[in-house]
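Look at the two complexes coming up: subunit A is in both, with subunit B in one and subunit C in the other.
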Partner chain A sequence: MSVEGVSAIFGRVLQVGDVGSESDFFTLGGDSLLATRVLSAVAREYGVELSFDDFADAPTPAALAERIASLR
Partner chain B sequence: MSRVVVVGAGLAGLTAATDLSRAGVEVTVLEARDRVGGRTHGIEVAPGAWIDAGAAYLGDRHTDLAKTIADLGLKTVPTTMRGQSRFVLGHGRVTREGRFPPLSAVALGDLFDRLDDLVQRVRVDAPWRSGIPDDETAAAWAQRELTRPDARAFFPLFLGEMMAADPADVSVLHMAFYLASGGGLRYLNAFEGGAQDSRVDAGAHQLCRRLADGLGPGVVRLDTAVHTIDQTGRSATVHSASATYTCDAVVVAVPPALADEIRLLPDAPVRRTTPGTAPGRAVKVHLIYPTPLWREQGLSGWSVNADGPLMSTVDDSPAYGEVGVLTGFVTGREATRYAALTPAEQRREALAQAAAIFPSLPEPTGFQVSNWVTERYSRGCYAALLGPGDWNLLGPHLTTPHGRVHWAGAETSTEYFGLMEGAIRSGHRAAAQILAQHRPQQA
Partner chain C sequence: MSLIEAFLAAAETYPQRTAIDHNGRSIRYAELAQAVWAVADLLGPSPGTVGVPVTYSPGTIATMLGIWAAGGAYCPVDPAFPAQRQQAMLTAAGCRTVFDPADVPWHATGSRAPHRPLAAVDAERPAYILFTSGSTGQPKPVVTPRRAIATTVGSLRDLFDIAADDRVLQFASLNWDTCFEEILPTLTAGACLVMNDEAHTGSFVRFLRLVERQAVTVLDLPTAFWHELVHYLVEDRFALPADLRLVIIGGEAASPARLSDWAALDTAHLRLLNTYGCTETTLITHAGDLCGPQAKNQPDTFTQVPIGWPLPHVLQHVSEQGELTIGGPCLALGYRGLPEATEQRFTTVGGVRFFRTGDRVEAAPDGMLTHCGRLDSEIKIRGIRVNPAEVEVHLAAHPSVAAVVVAGVTVADHVALAAFVVPRPHADPAALDAELRAFLDSRVPRHLVPSRISIVGELPHTATGKIDREFMRRHLS
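What follows is the complex of A and B.
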């Protein structure tokens, strides 16, 4: 479980390079459809199923990693 | 090259006619309807306030359409979607921000991952060479691939919204191709920044009207349905019930099912459809209000519904003026059922559902149904739906002329297939083909 891992998921879904740990997914061009693809990747990689509202509340790699860690 | 007959006065045919006319070719456009426009059509819902009964939306990647809009002196207006959405997906009525349905995000993400995997694998310019088997329907694919209930529930709604298809209508290959051709899942799905970013101010039907006007008087002949194209002689003759037109080349710019109603002499080795090709299944229902009342209530007008007839609704109010318009999309299997109802039944069902989705709204003051499913001279909307095997059989011949007969139309463009952009690109391509192949020898 790492912030880098979540950053890598953001980068893959958004098709952008380095995503900083405090970068906001929606500011980087993400929308709700792409957000679901982050959450399906999180479920596959970390075994944690988050809701869209969870993601909307924690839309940066750092915040989302923290949310994932709290649920594992 | 002196004379060309264009069959069909939609965007594709009128674009081809305009290009040919500018190149000095004498053009005649034959249109079966009593109007130009094809699958674009305007309805005047209040004095000077027009809405789109047919094709409506465009995005920034629709570059040829943008050029046509600018050339014709028209403007675009952004689609507005501010406020909360409504969802009626089997767990009561849910109101929330954004267009995201209250379903499992992980299940939807898993669905989009699988669809995107197909989109990445498909070869848009030649789908039949993608290596994706062309023997399976999207329904069979979903049955096998989608295990989560929310993904299974949402998939037909998504396919209905994206391509006016029931999952049983289309091959997996056509689904993948269509999504890729339109710019991918995210672009095709999005309003702001996507394929539904804007509309043509005061209606997309104006494009065809102005293109037709630009061709000059007498060029477009309405109420002229073509039944035969004969090229057994030294030129081509195009036959309608009332007249025969002799020419050097023909552009057939009508949907594939209608192209196949035209008798070709000699016949083409491969026609434009197979028995497995289905018409696009879309009916648009327009609910007209004195003003966009839902906006005052903090609602966007966007809704997604598990049951029909209104599978989704969207705020389609004209950009200027008072009137408010909610457009309901009846798509997929539900469109076929709804299309067969009497006008009174259609009205009753739509108003009852609108009241259930938006109980705070009064009964609309106006009601219109644009039934593209049974429209004689469209045979479906948004576009023809290719079934299993169709791309392998039809694809290689999509743009190949049959002698003097050239093919145009939104279904002949592998770029933005089925959209206004695809129609315009096909018109430019067909005109360029004719000018290249039939250019007279220089003395």
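What follows is the complex of A and C.
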């Protein structure tokens, strides 16, 4: 599971450049609505249907990549 | 007819129909009416304003209706709010009692028959107290009388064309007034309210599967959520649920681009209804079909999406400055305990009481209104009204803050709250972001915590002393 892939999704959704693997989606300006775009992109690219609660517990690329890997 | 009378009439006509489908479990009208009476019995006659720690559950609905059956006023308080804020809300609303929805006695025995007579309650008595964001840092309690909610719900039942075979998703948080648009037209028409935890997972595929599986016919969505839904429908080519006939949106300006996208989907049979309203004028005062069988205009002709026409019970007046003012039976009584704020926003013109919305509008020759921005600095964050001055008051109270400006900024196509903070000399700028977030988390609800906090050397002012929005935009990108 690529942390870079999740970082790229964050960057695309938030419209910001380089997102570090430990960057928190919500301190980068993300909110619950933008989070739905991340969830849709994750479902599309990795075939894993996360809920908002899953994401709120793992809001960094590193943590989210780990969560996705454990569910695949 | 009062709302509670309308609900009891529906319960008497359709006792065996499902009133609430909660996670697949059916609660019949007779059962709900029984629970409503049991709550009213526990509260006793005229309980005053009752604080309710709201949960997404049928118990909250039985509590709301039970308070009205007893002659009291409903005041929802979100248990997720900071304790200090909850206390301030209960005090400002003048709550004498708190009723927990977990204590609803479902299937209570010995409760009187559902068709016993109701105590007569003056239609000018409060039905509920809800809060809007105020500039003083304290929540502003809006008092809505029974007459306003009963009249508006009657209008909305007609507008939405709700019939007993409808299935309406209960999506809005039970802490805000939008939920009344979903609950009350439904439960006064003998229709079914669908409550399901799958509605709030944040996954659109799960949301759409739920709507399909539960044969939902009516959706009422915050416009910001609908924007994301359209985005998803276009990108993932997910088919729209088969039984859906009406999608209601509201809370902020709809995007012309998303509207065109929606019109290009298989939606010709489906009503898309845009709505506008303020808490002070009770739920919805203006509406217009944007797309589908009842739309009057081509959906791809708008550069700005209109808010529509006034509903039949609404009086409106547009001032010379273009401000929309609203009168009629939908008007709230005012802000509890704040006579000055009430006088400022509720004015009397030619013997008629009007509410100044603060929204600028333009009218087309056929009377259709388009929203053209605010006359003050109030903004909408995910459909919830936010006065940036309220957040400024709280941030300025932190010992490390010398000066602060809070404003709405656009992040990735939607409005987010941003704070620009000038620290005091002794403050540690590196730690300040986390410190201020923790400080706000203990004082205000989540929607008042800025998405972005920028630590700056000085506040961005223009030559005329106004806040330089261009600077802020550059600073954030």
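Quick notes on this structure:
Here is the rule we go by: the second predicted complex is superposed on the first by the 72 of 72 C-alpha atoms of A that agree within 3 Å, B and C clash if a C-alpha of one lies under 4 Å from a C-alpha of the other, contacts with A are read in each partner's own complex, and residues count from 1 in each chain.
Definition applied: contacts are C-beta pairs under 8 Å (C-beta built on N, C-alpha and C of every residue); 3 or more make two chains touch, one makes a residue touch a chain.
Here the structure is a predicted model, which is why all the values come from computation and not from measurement.
Looking at the shared chain after the overlay, A:50 reaches both subunit B and subunit C.
Once the two complexes are laid over each other on the shared chain, residue contacts for A:26 go to subunit C alone; subunit B is not touched. When both complexes are overlaid on chain A, the residue A:72 reaches neither subunit B nor subunit C. Set against each other, subunit B and subunit C touch different numbers of residues in subunit A, with C touching more. Contact with both subunit B and subunit C is seen for A:40 once the two complexes are overlaid on the shared chain. Of the residues of subunit A, those at positions 31-37, 39-40, 43, 49-52, 55 touch subunit B in one of the two structures and subunit C in the other. Touching subunit A in their complex are the following residues of subunit B: 98-100, 104-110, 112-113, 116, 185-186, 189-190, 193. Of all residues in subunit A, those touching subunit C in their complex are 13-15, 26-27, 29-37, 39-40, 43-44, 49-53, 55.
Contact residues of subunit A toward subunit B in the complex are 31-43, 49-52, 55.
Within the complex formed with subunit A, the subunit C residues making contact are 200-206, 224-225, 228, 231-232, 235-236, 382, 411-412, 414, 416, 433, 451-452, 476.
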